[in-house]
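You will see subunit A twice below: alongside subunit B first, and alongside subunit C after that.
For the complex of A and B:
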């Protein structure tokens, strides 16, 4: 643990170098929130409550979705794939570090960077400019744990896609497909409540909703009973453990095919 | 000064070689095309989910949205296929390899952009055309030669608007080195172009119509074919807007290229 924390700190500092970029990301997010506001306002012109959500709840859901999306978007799949393809991975293999834990902590550092630079300003914007109100309830206390589990799931998926670099030249297709499936079926773009009922039943058991829908619901409707939240978290925990272990096994297999040119 | 025909001939020769080289990675091409297929349909999926719960989006039915979306997919294809190298400017500028583009007796923007021909973008074009035909049949749109001509004209202008926004954003690299955040913002804006512009008001409506005119990429031109009676007269100026924006972008590019001093190594 002691040797991994400086890695997180390091990647946090690297993030600071790109301060100029954060400005654009925040502007992009403000525009996105504005567009989402108008889109959902027009949808809610038909009725005050759609699929059990009010306009305020849906807008909070979508806004949080974008904030958490940026938080969890660490580009781990691209970096790991790049390091494998270019042979940079050799630098890590010669050190007494675990490759998966190394990447986990490096991503934790970028996550904290995104949290301070982008997510917090977005949430402040939601509360003060768009005047979104958050109710009080047990969900608020479960949220941090749920977010951490969501990070583990998201990381394990990205990490496994990155490991495909052992087998394939380019990761564009895989990464893009993964990103679309995750964003559409996770609630990052549109509340899962809006999907047809049969689809919702299937989506509930998939890991994607555990990344966005579960933590978002804890802030959107925090005043629900614990027996609503606990099964959702159980699904999260099960996926976090399964995917983390699966990624580990995959690495142990994949590392065997690695050949790095000398020189 | 070389003639247009000469450039066209050169372009074909360059891309033939490029495609041959890319085809060495056939699996990559297939996976990327699948990725492109899903990613280009994501926003349409969102519209579909929304229209499951409400009867229309600001008065536009699902099939009308499919038409607007198909128009959007076709309009952004030339940018995706022919100008994809714009994303790499930041790497070339940072690493100094951009210098090589100064040393050919060719138009620099032509030479630079010709180095990449995005094959996976063809997926988007094909799906867009198929959806446009499907929606036209479902909506019973009568296509006369004049309307087809209008379609080609508005598509051409829309493509120019989209190309201009992305290329102009990528030019930021000449001044701030890392143009990714600017490009990311431009890319995000692109995704809003199939939205019915009538849902916006105030600053957003003005910005999407006059400042960064993404409204002209899909929604305003589609109105011309779906509901000609509601159309704003502005749409007849779309070629002027498209060509004007491209000229502006070319001017930004020229300034950027002239101010770049290399990496010094």
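For the complex of A and C:
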């Protein structure tokens, strides 16, 4: 592990180097929160609760959803695909590093950067500007673990898409499709409670909601019993392990077709 | 036992045959029409610890493919390859610990961070202890004067500075063998000289084995005792540099732009040179590009200045350039049996 921590530190520093990118992300997120606030305000002007969620809960859900969405958005699929295509991967393969762990830690650095730049400011905004109230309950303590599992799932999906670089010249279509599927079915855009009941049941077993819906629930409705949260986290854990291992097997297969440009 | 042992090594690539045009591109989506390209076709050699070996050949000769097999990136199609007694491909992570690699065209440094951060990251990756790290950094500072660059972002370095950093970084973990893949590509003469002296110092200081691929014969002359020439995946020559030295060390190409150039000029120039310097003068004349005439001279037999003076006084010359012999010409001469 010692070998990999400096990699996370390095990629965190890269985030800091681009001060303007940092600032604009914060500003962009503030604008999004403002738009979401007025949108849901007007939707809630017709009724106090929709599908059992109050305005406060929905706005917290959507606000945190966007914060976690950007938090986990590390563009790993694009970077890894680019590095494979351009042959930059050769630099990693000649080092005593595991490619998956290398990328995991590089992403962890970007994640921590996003945490500083986006999640923390968003939470502060939600609390002090929009005066959203968070209830107290066991969910708050489970949230960090749940977020870490969400990160592992999100990373494994991105990493596997990035590995397509061994087979395909372009990752654009695949990445965009993944983005849309994840955004819609994960609850990042619309709370999952708004979906038809049958669909919610199906979505519960998919990895997408495990990325956003589960950690968000820990914060929006933390005062639920443990037997509500634990099955959700079990699904998360199962997906995190499955996808991480699957990505590893995929790499072992993909590396065999490695061709690096130039001869 | 030799540090690197290669026997009958070959590597084939499968390449999709692409068809022409838009409809061809669509049909290629479903095509299974591959052809096999043999990048390395059965080579054998041994390299001992502490050697500096120049591994040269024209573009596409199979140099980088061999390097990538030695570093464990590519798996050989056939044959034996051992570095320090182990097959690199099967023991990639373990082998990486004893190797250093510089790909001239791709930096291993973190582009957006100050130079020193890359060194710190490498220190942890290779598990170099603080004392060794400090000692190495002091050595690099003495050799290269890196100290002033430490706080600069890698992307703001000049190509030459970046290359010096890349090369020293590859020595940080005191590897047994360092692969330098075109380390002087695109650099000017003075920085090339600096890089060569740094490589030489590091080699003699640590007894590190160095495998150098390059297009610049000057690098080979300055650094290597031994040279391996490869073309079309096969070894053309493997041996002492002195023998090859005569091939490219003494040869110079005089590029002339002659006024009123026409189809007869070349013939006329040939005849006049023959009259002046004798039939057996080892001078070749050829038109290479539009209106440029190449006169290749073996300086061991005919002084360059004599030829230049003679041409200048007999022809109206608009422009002159003097080039060292190119890699392609060396290979051609080897083919022609110049090494006997």
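Please note the rule applied: the second predicted complex is superposed on the first by the 260 of 263 C-alpha atoms of A that agree within 3 Å, B and C clash if a C-alpha of one lies under 4 Å from a C-alpha of the other, contacts with A are read in each partner's own complex, and residues count from 1 in each chain.
The rule we apply is simple: a residue touches a chain if its C-beta (ideal position, glycine included) is under 8 Å from a C-beta of that chain, and two chains touch if they have at least 3 such contacts.
This structure is a prediction, so every number in the text was calculated from the model and none was measured.
By the touch criterion defined above, A:93 reaches subunit C but does not reach subunit B.
In the superposition on chain A, contact of A:140 is made with neither subunit B nor subunit C. In the superposition on chain A, A:50 contacts subunit B only, with no contact to subunit C.
When both complexes are overlaid on chain A, the residue A:168 reaches subunit B alone and has no touch with subunit C. Of the two partner chains placed by superposition, only subunit B is touched by A:23; subunit C is not. Counting the residues of subunit A touched by each of subunit B and subunit C gives the higher count for B.
Of the two partner chains placed around the shared chain by superposition, neither subunit B nor subunit C is touched by A:254.
In the superposition on chain A, A:238 contacts neither subunit B nor subunit C. Of the two partner chains, subunit B is the only one touched by A:177; subunit C is not. In the superposition on chain A, subunit A positions 18 are in contact with subunit B in one complex as well as with subunit C in the other.
By the touch rule above, subunit B contacts subunit A in their complex via residues 25, 27-28, 30-36, 38-39, 42, 45-46, 49-50, 52-55, 57-58, 120, 176, 178, 180-182, 184-185, 188-189, 192, 195-196, 199-201, 204. Residues of subunit A that touch subunit B in their complex: 18, 20-25, 27-28, 31-32, 34-35, 38-39, 41-43, 46-47, 50-51, 168-170, 172-177, 179-181, 183-184, 189-190, 194-196. On subunit C, the positions that touch subunit A within their shared complex are 13, 39, 60-65, 68, 71-75, 92-94, 96-97, 99, 101, 103, 105-108, 110, 112-113, 117, 120-121, 123-127, 153.
By the touch rule above, subunit A contacts subunit C in their complex via residues 2-3, 5-7, 9-10, 13-14, 17-18, 86-88, 90-91, 93-98, 256, 258-260, 262-263.
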